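Report on one structure; see the data block that follows.
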Amino acid sequence: MKKKIRNGDNVLLYVNPRRTYLVKAEKGKSLHTHKGFVPYDSLIGKEYGVRTASNLGIEFVALRPSLKDFIFKVQRRTQIMYPKDIALIVMFSGIGPGSKVVEAGTGAGALTTALAHYVKPTGRVYSYEIRTEFMQTALKNLEKASVARFVEIKNQDITQGIAETSVDAVILDLATPWLVVSHAFSALKGSGTIVSFSPTIDQVIKMVEALRESKFVDIETIETLLRGMQIERGKTRPETLMTAHTGYITFARKSLGK
Amino acid sequence: MKKKIRNGDNVLLYVNPRRTYLVKAEKGKSLHTHKGFVPYDSLIGKEYGVRTASNLGIEFVALRPSLKDFIFKVQRRTQIMYPKDIALIVMFSGIGPGSKVVEAGTGAGALTTALAHYVKPTGRVYSYEIRTEFMQTALKNLEKASVARFVEIKNQDITQGIAETSVDAVILDLATPWLVVSHAFSALKGSGTIVSFSPTIDQVIKMVEALRESKFVDIETIETLLRGMQIERGKTRPETLMTAHTGYITFARKSLGK
Amino acid sequence: MKKKIRNGDNVLLYVNPRRTYLVKAEKGKSLHTHKGFVPYDSLIGKEYGVRTASNLGIEFVALRPSLKDFIFKVQRRTQIMYPKDIALIVMFSGIGPGSKVVEAGTGAGALTTALAHYVKPTGRVYSYEIRTEFMQTALKNLEKASVARFVEIKNQDITQGIAETSVDAVILDLATPWLVVSHAFSALKGSGTIVSFSPTIDQVIKMVEALRESKFVDIETIETLLRGMQIERGKTRPETLMTAHTGYITFARKSLGK
Amino acid sequence: MKKKIRNGDNVLLYVNPRRTYLVKAEKGKSLHTHKGFVPYDSLIGKEYGVRTASNLGIEFVALRPSLKDFIFKVQRRTQIMYPKDIALIVMFSGIGPGSKVVEAGTGAGALTTALAHYVKPTGRVYSYEIRTEFMQTALKNLEKASVARFVEIKNQDITQGIAETSVDAVILDLATPWLVVSHAFSALKGSGTIVSFSPTIDQVIKMVEALRESKFVDIETIETLLRGMQIERGKTRPETLMTAHTGYITFARKSLGK
């Protein structure tokens, strides 16, 4: 695994938790910010983690972007999913290196990036998206995260059917997931997982009813809350504001049957 | 990826969300429960997901155990970590296939199983554990989840030092994580991640202070809450009880420097 | 306000937060527990707050029962409401000393006790209950909390109508609150408050729809979570378990119309 | 209880949940807003709850301000307490009509207003505040809520002592509550309640230690979360943002003895 910053590499320039810049470190170019400018030539050839100072004397740390950074920095032309939900979806879906996953819709590619990250190098993500305007954005984001080659974005309507078969997981982030239940059932291996993310409780009810009518078992719906902490001796406390709701996550597994 | 249940395979026999059995399906043997017995011969050779009935007529579904199942079914000789926390630790640590990870302590191997699952097949987990009585349990759990070959359990005290170098992440679930900060700093690559899980706020404060004194940046502490939902038209509501607290998770990244 | 414990007074005998006894301190009698017995004669004539020891040497503190204690100790023949919800209902309903309040159903009288406590001495609570078996329990609980004279329990079906007029608040804890909306509208003063407590989201949706169809404004639905903390230097942390859900509370105010 | 709006009365002009105006309805004057102006003469003599239209045709409802409104509309020269916390403090403190309560600090008078509301007409609140600049604001807010005559604001430092004796509850919202514990103990009746509100966990630990060293029992610390719901058939979901933390509330009761 490479450690030196090379010409053209992605770098996360970190000033503080609220001020980070995900950039492509190109020879001869610079990052210009309110905190001064940072020439990339001062980074290229150095190890990730190196500190540098802007012309105004502000310290920048050149971090190697991780999955979380790529997700947070996805171009926000659509509502992106939160890392806390992506983390649960990935783990509860049971996928890992080598898995074959169907996803819809692609959106800006935040969840797609994560799925690709975890199924690589031998797995594959088939991501359905009917809105052509998103496909370009998603592709750019996947390329930035170096996972585009593990993903096939399909400009097709998943409510009309899924072409893939014997897939390990079908992961849905769309307005009408219940229209995909029977297609997902056909596409999944026995014991495969379906996951659906929905902001409203009405969507969850319709989805769970559709799952129960099909031969899915182990149906479960959860929501998660993530709260930040301010840690400082004498002033330790939870943060003042938090996201109160992103969406409900529903999981189920395919049973085969009589 | 195999789909048929073979002699000796792990199977999750599912009756309902509160009644599941993680078994080894061995020829000629059976599962005996209050819901009747299920001969494994009725499963071997069938596809995962198949339904079968016990001699009492109760339906069992033979699911393929996923990472989550292995974690939940870890032999509980120690306090295990919750999947919700493991999911966040994995995602925020930035690891993936190929990562080199140091962990302590191993405990019953719940987190170790997850780490191994996500770094395989080319990555590796070095897991420190001083309590010899846990090593056997952990090893058994790793073998059951088929990830033992990606893990090296070390009967050493991580507060005395870390032998590995250029690691991508150091992940700590122990009583005094602050004693490991300088060792972790040496072991990590530039920009590598340290993660610490602690039940008490006092531990978090000491850990964050140690991280600040070292050259770690992007220090963040969070906690998560997971709430189950009961979904049934006309009766939809959050579940009555939940786990109010498991622990705080602290993340930071190594900067290099002057 | 009296301070001495007199023959026949209610006393809360406190051993620790999980072991408290709400008793009537009668001359010549005793409390018998696993922690030994405590003769009430050792308390009568003493000030509330006094410590005494059982025959086994365990210390008991004789506290004066507060509203919260009466609510928690209500005989649980029905699902009682939690103090956290009662507190919000009382405050957001806008009631106080002198208010005229209609409530349904009475149940075991937990909420009724709180309402009476806050409207006394000049206000009044009219509490509807169709299940005669509860009326006796509720009356006993109200008497124990010394607030029975501020309450009129009515063995009537509130979905058939409300006899009172010009009331300040109508507070509902029943399965079909939407059937009471028009009656509540007639009973309330202009600007008066209706409050409804429901465990399921389906009930909340029906209730809010009924309120919107009527001339109620400022309609708001909330839920609250209460988490206990374990405070001990070096071991401070949230408690492990909590109640994840009791119910949703909906508030609205009556507007007069054209 | 009066029902008609009279010259000089407080009125809450309601447009929608995010747009309300707490005004004094004076003859010949008007409210001027972006939604048009509303002459108070159109309200005076009408019943509370009446609807009126601004000159731009926007509907305003003239509600009678309740305790919650006065608290939310307190002039925010200081951090005010949230109604959710005030509700819990009031209920768990055990106070009610007739109680004698000591409070510090007064701040803008939000909590003071609530305490006065619930102890009136025969109880009394003694509120300590050393910052003279707040006393005027608090007094104005108490007068607006018509509860000033039940409160005595004292320009004294409560950490130097409490003059009152035999009080039912001492309620603290200040930076160093532990400095008041021994004074509170002297001021309280046997079995009386002390309550402390603190944003940081460090304050809570010091406070609980001070309570344990004194003869307080039944010591408990909680925090509450309040989440709003968006109720609309087909779009029902929790609100997107919430306050993640206001403060921890600690309760304890005075025991006498040895």
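Descriptive notes on the structure:
Letters are used for the chains, namely A, B, C and D, taken in the order the chains are written, and counting of residues starts over at 1 for each.
The rule we apply is simple: a contact is a pair of C-beta atoms (placed from the backbone, for glycine too) under 8 Å apart; a residue touches a chain by one contact, two chains touch by 3 or more.
What you see is a predicted model, and the numbers here were worked out from it, not measured in a lab.
Seen as a C-alpha superposition, chain B sits on chain D after a turn of 180°, to the nearest 5. In a homomeric contact, the two copies may use the same or different surfaces; for chain A and chain D, over half of the interface residue numbers are shared, pointing to the same surface. If you average the Cα atoms of chain B and of chain D, the two centres end up 46 Å apart. If you average the Cα atoms of chain A and of chain D, the two centres end up 44 Å apart. Separating the centre of chain C from that of chain D, both taken as means of CA atoms, is a distance of 21 Å.
Counting only residues that touch two or more partner chains, chain B has 201, 227-228, 233, 236. Applying the touch criterion to all chain pairs gives A-B, A-D, B-C, C-D. Residues of chain D that touch chain C in their complex: 1, 3, 14, 17, 20, 47-51, 61-64, 66-68, 83-84, 86-88, 90-94, 96-100, 114, 117-118, 120-121, 166, 168, 189-193, 201, 204-205, 208-209, 217-229, 231-233, 236, 248, 250, 253-258.
Residues 199-202, 227-228, 233-245 of chain C touch chain B in their complex.
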